[in-house]
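Each chain gets a letter, A, B and C, in the order it is written, and its residues are counted from 1.
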């Protein structure tokens, strides 16, 4: 547990020092939301699409953060040396996923705020619990899948285009679930709250499946020996 | 080697004793790096066996991994952390304390000014020292250093030699590679020369310290 | 060097003969459907390609698992996995194309966001990504391990995609157009032709995979020879350079 926290703290410290999330990724994601609004050019349509657009922007932003997270590891082969003495490789996976979660959760809160301001989405008192649960479970899923596919393409030439190609199809169920559940929580007419909770169940199983898969698969993917 | 077709090492029969400082020499392509990777359990043994501190490298890889510190051409540092934070990070992962960090920095001559600087802003020699401090904190008992002198100037080289000699005095065993045939001014207790994947020469100097 | 042997030649001839029979029967012998008319004949190509695509991806998954477990045969199984995925992507593309043509004729639209179609589409994109990562040039053993893990992750992904898409569609009440799909009444000849199509395409699949993986083995050998040459050259260099020892 200490090792997981130490790795997450290390990543967050580097993020705080370089401000990749604050100075680049958050502005990028907000820009995506603004551009969607311009492209769709219809307020009722935007309100209906708000949840999906927020999560789509999350996915794109996650691709940037994941690459950054592994560029830091491979620039001076720090990951190789880390893997050589850490007591269990899955700790590296969970540590990096944890720092990814913290950053993506902050981003999700900002983007939902933007959806309220820009798209006129409403958050009611009785749906706040659902909304927070969706944010947490979906962000966990996004973090573990991002970390898992991040190590696949780490140090690979052309990783900036390979990562989305590999990770986005895998993230499709998460996008569907998170967007629908968020839509329910934002008080949409199309989905009621009970259906929203059904989607949370999907998001939880998704996070559990890929969390366990990542813990197992991280070692063979990260170790450079042959 | 990767395809299992061409062995990089043909027949190396070698015993390194605890606390020894050994220079592995040989021109490029003679199998020096492969030998180090093999001892660290990172390259497959097609034939024969390798033991580190009594543990079989092929069968007890996880034990060997924790005792061996392999430092390649890269230092494995995070450029945006300070030198001290880099060493502290390693310390946290292996359960070493703040005192261990301080004494490691001290042993490698990393003063507080250098320790507080971003690793990315340090000189090549300072970065190499920080990486070695991490090996000290890890309590690695066998140091395998691949071309540790590369990229260092004359003074930094001499200092590195001193650091390696100190390390062996405090119980570590150090094997490092160099592609230079003569290291001017260095008094290396034991020099092994590889050529064509075999040991061509093994010389122990009369004055080991 | 050639990739053909007597076995593959016999296999190829059988595949050709059965395919010829399927073409003749599908176009001229089998009757048109009462509702769909002649467009039902697309079925004889569409159903077998879909079957082959799924067979190919199952083969990839199994070969990838074996590649990870059987360490001494890692590269061999990995080549089978890669060859099978390539053929699978090709057949899945044909499935999507024939399917959307058929859809245009029977439902009046090229695409429906129905669970089966959507899952197939995501499956297709997933394996396109798998092939893309196989093309990245790295040490073959490392590539084998990495691609095997990705292929096995895809096995986890597909049920989740399918389940989420089913749940997604069940909330909308518009998926009923597809019910015509099951309405085709198959007589004995139609069933036999469809079955022959599956057999013919399976033979073609095996034929392609055998050749493809032999080709991959050859290019691995070629690479190895290149590596040998490079190492020898490097050693020769070092003997010259180390002359002073």
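Basically, contacts are C-beta pairs under 8 Å (C-beta built on N, C-alpha and C of every residue); 3 or more make two chains touch, one makes a residue touch a chain.
The model shown is predicted, which means the values in this text are computed figures rather than measured ones.
Asks: Based on CA centres, what chain would you say lies at the far end from subunit B?
Replies: The most distant chain relative to subunit B turns out to be C.
Asks: Closest chain to the protein's overall Cα mean, using per-chain Cα means, please.
Replies: A
Asks: Roughly how far is subunit B from subunit C, going centre to centre by Cα mean, in whole Å?
Replies: Computed value for the inter-centroid distance: 47 Å.
Asks: For subunit A versus subunit C, what separation do you get between their C-alpha means, in angstrom?
Replies: Measuring from centre to centre gives 31 Å for this pair.
Asks: Measuring centre to centre with CA averages, how many angstrom lie between subunit A and subunit B?
Replies: The answer is 39 Å.
Asks: In subunit A, what residues contact two or more other chains?
Replies: Residues 224, 226 of subunit A each touch two or more of the other chains.
Asks: Give me the residue numbers in subunit C that touch at least two other chains, ranges are fine.
Replies: Counting only residues that touch two or more other chains, subunit C contributes 139, 141-142.
Asks: Could you tell me which residues belong to subunit B and also touch two or more other chains?
Replies: Expected reply: 2.
Asks: List the residues on subunit C that touch subunit A in their complex, please.
Replies: Within the complex, subunit C contacts subunit A at residues 68, 122, 125-126, 128-130, 132-133, 136, 138-139, 141-142, 145-146, 149-150, 152-154, 156-157, 160-161, 163-165, 167-168, 171.
Asks: Once bound in the complex, which stretches of subunit B touch subunit A?
Replies: Residues in contact with subunit A: 2, 37, 40-44, 65-66, 68-72, 74-81, 85, 89-90, 92-95, 134, 138, 140.
Asks: Where on subunit A does subunit B make contact in their complex?
Replies: 2-3, 6-7, 10, 13-14, 17-18, 72, 75-78, 80-82, 84-87, 224-226
Asks: Name, in rising order, each residue of subunit A that touches subunit C in their complex.
Replies: Subunit A residues touching subunit C: 148, 152-153, 156-158, 162, 165-166, 168-170, 172-173, 176-177, 180, 190-191, 195, 198-199, 202, 205-206, 209-210, 213, 217, 220-221, 224, 226.
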